[in-house]
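Labels for the chains are A, B and C, by order of writing; each one numbers its residues from 1.
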Amino acid sequence: MPVIADEANEITLENLWNTPEGHRVLSCMQCGMCAGTCPYGDVMEYPPRRIIGMLKAGELDAVLRSQSLLSCVTCYACMNKCPRGIRLTEVLLPLVKEQTFMQLTELPAELQKALENTDRYGNPLGESPRKRADWVKTSKVPVRILPADRKPTDVLWFVECYTAYHPRGQDNCRATARLFHALGVDFAILGHEEKCAGECARLAGETGLYEKLTDYTMKLFGKYRFRRLVTSGAHAYDTFIHQYKPRGLSQEVDHTVTFFARHLDQLKPKLKKKLSYTVTYHDPCALSRHNGLYEEPRQLLAAIPGVRLVEMEHHRENSICCGGGGGGMWLDTYYKMKGYERLSERRIKEALATGADVLAVACPYEVSRFEDALKTVGGDKKMIVRDVVELLAESLEE
Amino acid sequence: MTSPLWILAETWRGQITETTLELLALGREVADQLRVPLEAVLFADKSLATSLGVADHVLCAAGVEPTPEAVAAALAQLVKERQPQAVLVPWTNLSMDAGALAAAKLNAPFVNGSKDLKADAGRLVAQCLVYGGKLEAAVAATVTPVLFGVLPGTRSADAGRSEKTPAITEVAVAVPETKVKFQRFLEPETGDVDITQQDVLVAVGRGIQQQDNLELAEGLAKLLGGAVCGSRPVIDQGWLPLSRQVGKSGMSVKPKLYLMLGVSGAPEHIEGMKNAQLIVAINTDAAAPIFNVAHYGINADLFEVVPVLTEKLQAAKGG
Amino acid sequence: MNLLVLLKMVPDIVEELEVAPDGKSLDTSFLRTIINERDDHALEQALLLKERHGGTVTVLALDAPDIDDTLFAALAKGADRAVKITDAPEGMTTQTAARLCSQVIAGLPPADLILTGVQALDDLDGLSAAVIAQQLGFPYIGVVTAVTVNGSTATVLKEFAGGVRGEFAVTLPAVLGVQAAEKPPRYVPVAKVRAAMKSSKIETVPAPAEVAAAQIEVRQLAKPVVSSHAEMLEGSPEEIADKLVQLLAQRGLL
């Protein structure tokens, strides 16, 4: 069951001790499960355990100045394991990340660029907003763009930035459109009016930018009539559930994976082409650990004829983050300078160890991160990376 | 108008610059179109005036400090005295401020960044690159005298050379004490690669996105036996040292191969590499100005192409 | 020290630029503007000087679409005062705008150093900093990439070709045309800009009545006329790479 973090939005570092969550934090028994499970736990100067210790001792400033929280990829692993149920990644860590961010005198260059681009162009890649729906021209099926055709729609498909602009993301778009079409879904996109949902900016500590984006998107949603919001972005899904709903988003929210899983009875007969792949699935933090969506993607993959599923050593709740969250998508150079191993490389080695041909993913960041990692570790002849929707569309009858 | 056309000659470390010769070539063409004399203004020792033979006449004044203040004051004074119809000023770091300041003193227009100039019904019309080279404006002045900032590369320097010796007049300029004093030059750090001597250069621009990705360029450069260089934004970020900068404020290079990754092609960069023998550009923006300069263009994502290219080069080299 | 920074907005070239039907100006329907990059560096340099020497930074700009956001961002970064010149006429050139700004500057508290970008990508006539210097009777130098201040003298580095820099001593007060600040322009969190919008005000000053006439005319604005265009290599990354390797082999570059 997803936890709706409405209480979280009211908590600050100042009032923390007066809240139920603050009491939970105080109950920390310093067991170290958080540091032990953190993918960067061996290099993080202040893992959650130490942050709580410093906070209690009134020495949070030292934590903020250390920039330790720039290494937090907000993967929900620590929160998932905490025996006290402290909502680390939902409450404490974003608060500390925000303060770390605010008092940084210099931002790592790519992170600065990504945030400036998101603010200015509505996407971290710095592409013109007017080109956000250019991929539609290459779609094999019709895609309705709301600003041009404002009739109500059943499904509002929130495409997200990497999906819309990145060449591999556009593969995902075309696949998703075909699947919607095959199921006879009434869907439409926001086109150039769509801006980043902003969750990664929020989790990097840029809460002001996030507020600005949320205000904009809530107003935008108010302009159109739709019954269900379906997004290709795992972080977008996460934020729509946990941040937008408390702010008044009343429509149902789906990720493409949950949407297609719900329509599996209708979809399965259309998956006619046999794909003889051995597939291993990477559980994305935002969907799986934070929202409990372990079965749905696996059901979809199992429904594809010819697909054989194998699991990596760390899977489901124990899945290792690709390193893209919490600003990590734009901190590769920063991490490299600090001598950290790239999480995507660590993970891809696990994937290769399964002997699978295909690494299936469900978050737009993961495609480019894992394809890069495959090249770096020299595994790109042995394995390909595909989004779950790409595999479904590949199996779809013409 | 019968008043002469002038060019402002510039010297760098005791030599007449290539751009000066290019301006002479352009000036000669335009002066002939207008049927007026071409004169050069030289703030240096008159021994240097002999190489300005493409001009009919050289006005020479020594002892002008090499600061924009002093050059502007001297130039403005001469223009006021002798009333040329136009002055071509090199649009270089060396001369653009002096030109701008002189224009301000004269209350004259100073047309920026001209890549060509011609006479049209007795008026001079310049083709200027604007908006980073994405558009071009045809600009004329509504008054005279007018100053034109002329980009390097409008004509060949050879066309500005002549065996002839021009008539030389030494003129006196009274330059007041200025509040800007030249102290010394700071040379770029050596001990690094001299990119002007490389046969192959792999250039990176903003499109490389992260310092990390320089590896891609370095891999290519190594395979091709060359070095990595960059456009201004990459240097400004500190990802490459100044000694690797190509362009207006950096080096001018003429390698056999100039392979460009994610460089848009703003005029300031083009200046430094347009004479490369083979220019190949990779850029995701089909409208990037670089595709008007490159010999071969690839409208694709460098992050897709470079890894494959690297592999194939390795294979081709028998790796 | 009293530092004054002059900012302006220029067309954002990330967007496609179209020419208006008159064939001489930019189509403004989808035009977005952004702070002139060199002015952003000038602001950063001013903020660095304030951090080193104390004093105040005033930012000055002509009214334009989206200028308020830029001015509030400057305040959020650490500028002390933002002044906007209102009701200036349309169609000023760089020189006529600079002359107008100089009149306004003369009415502000005297600055020790005036910084602005050495050039902007929409400049057609002149360079602002030079005009302002001449109008105010201050010394000027451009293409500046470093500034240190010692009492009443500034030592600046000016960039030449080949990575060579020249060191110049400039007597204050002076005008500097900045090419690059010593560090890239700093980031300012959106929350700080929003806070500045609530807590600070942009002062306004009416433009002087008399404005110099433009001395240039644009006869045509168009996509560059090119005698050649690159031969494009098409296909998948594999196909492109093959073609390129072949080309290089042919040219003896392998």
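What to note about this one:
Here is the rule we go by: contacts are C-beta pairs under 8 Å (C-beta built on N, C-alpha and C of every residue); 3 or more make two chains touch, one makes a residue touch a chain.
Nothing here was measured: the structure is a model prediction, and the numbers come from that model.
Central chain assignment: C. Criterion: smallest distance from chain C-alpha mean to the mean of all protein C-alpha atoms. The two chains most heavily joined by C-beta contacts are B-C.
Centres computed as Cα averages put chain A at a distance of 47 Å from chain B. Mean C-alpha positions place chain A and chain C at a centre distance of 37 Å. Taking each chain's centre as the mean of its C-alpha atoms, chain B lies 20 Å from chain C. Touching of two or more other chains is recorded for residues 109 of chain A.
For chain C, residues touching at least two other chains, in rising order: 16, 184.
Looking at chain B, one finds that residues 237, 304 touch two or more other chains.
Those residues of chain B whose C-beta lies close enough to touch chain A in the complex are 209-212, 237, 301, 304, 307. The part of chain C that touches chain B in the complex is made up of residues 11, 13, 16-17, 19, 26, 93-95, 118-119, 121-127, 129-131, 133-135, 139-143, 155, 157-171, 174, 177, 179-180, 184, 214-226, 228-233, 237-238, 240-242, 244-245, 247-249, 251, 253-254. Interface residues of chain A facing chain C in the complex, by the touch rule stated above, are 101-102, 105-107, 109, 112, 115-116, 119-121, 126-128, 130, 206-209, 211-212.
Note for the complex: chain C touches chain A at residues 14-16, 30, 34, 183-184, 186-187, 189-194. Within the complex formed with chain C, the chain B residues making contact are 12, 67-69, 72, 92-94, 96-97, 100-101, 103-105, 108-113, 125, 127-143, 146, 178-188, 200, 224, 236-237, 242-243, 245, 248-252, 256-257, 278-281, 287, 289-300, 304-305, 308-309, 311-313, 316-317.
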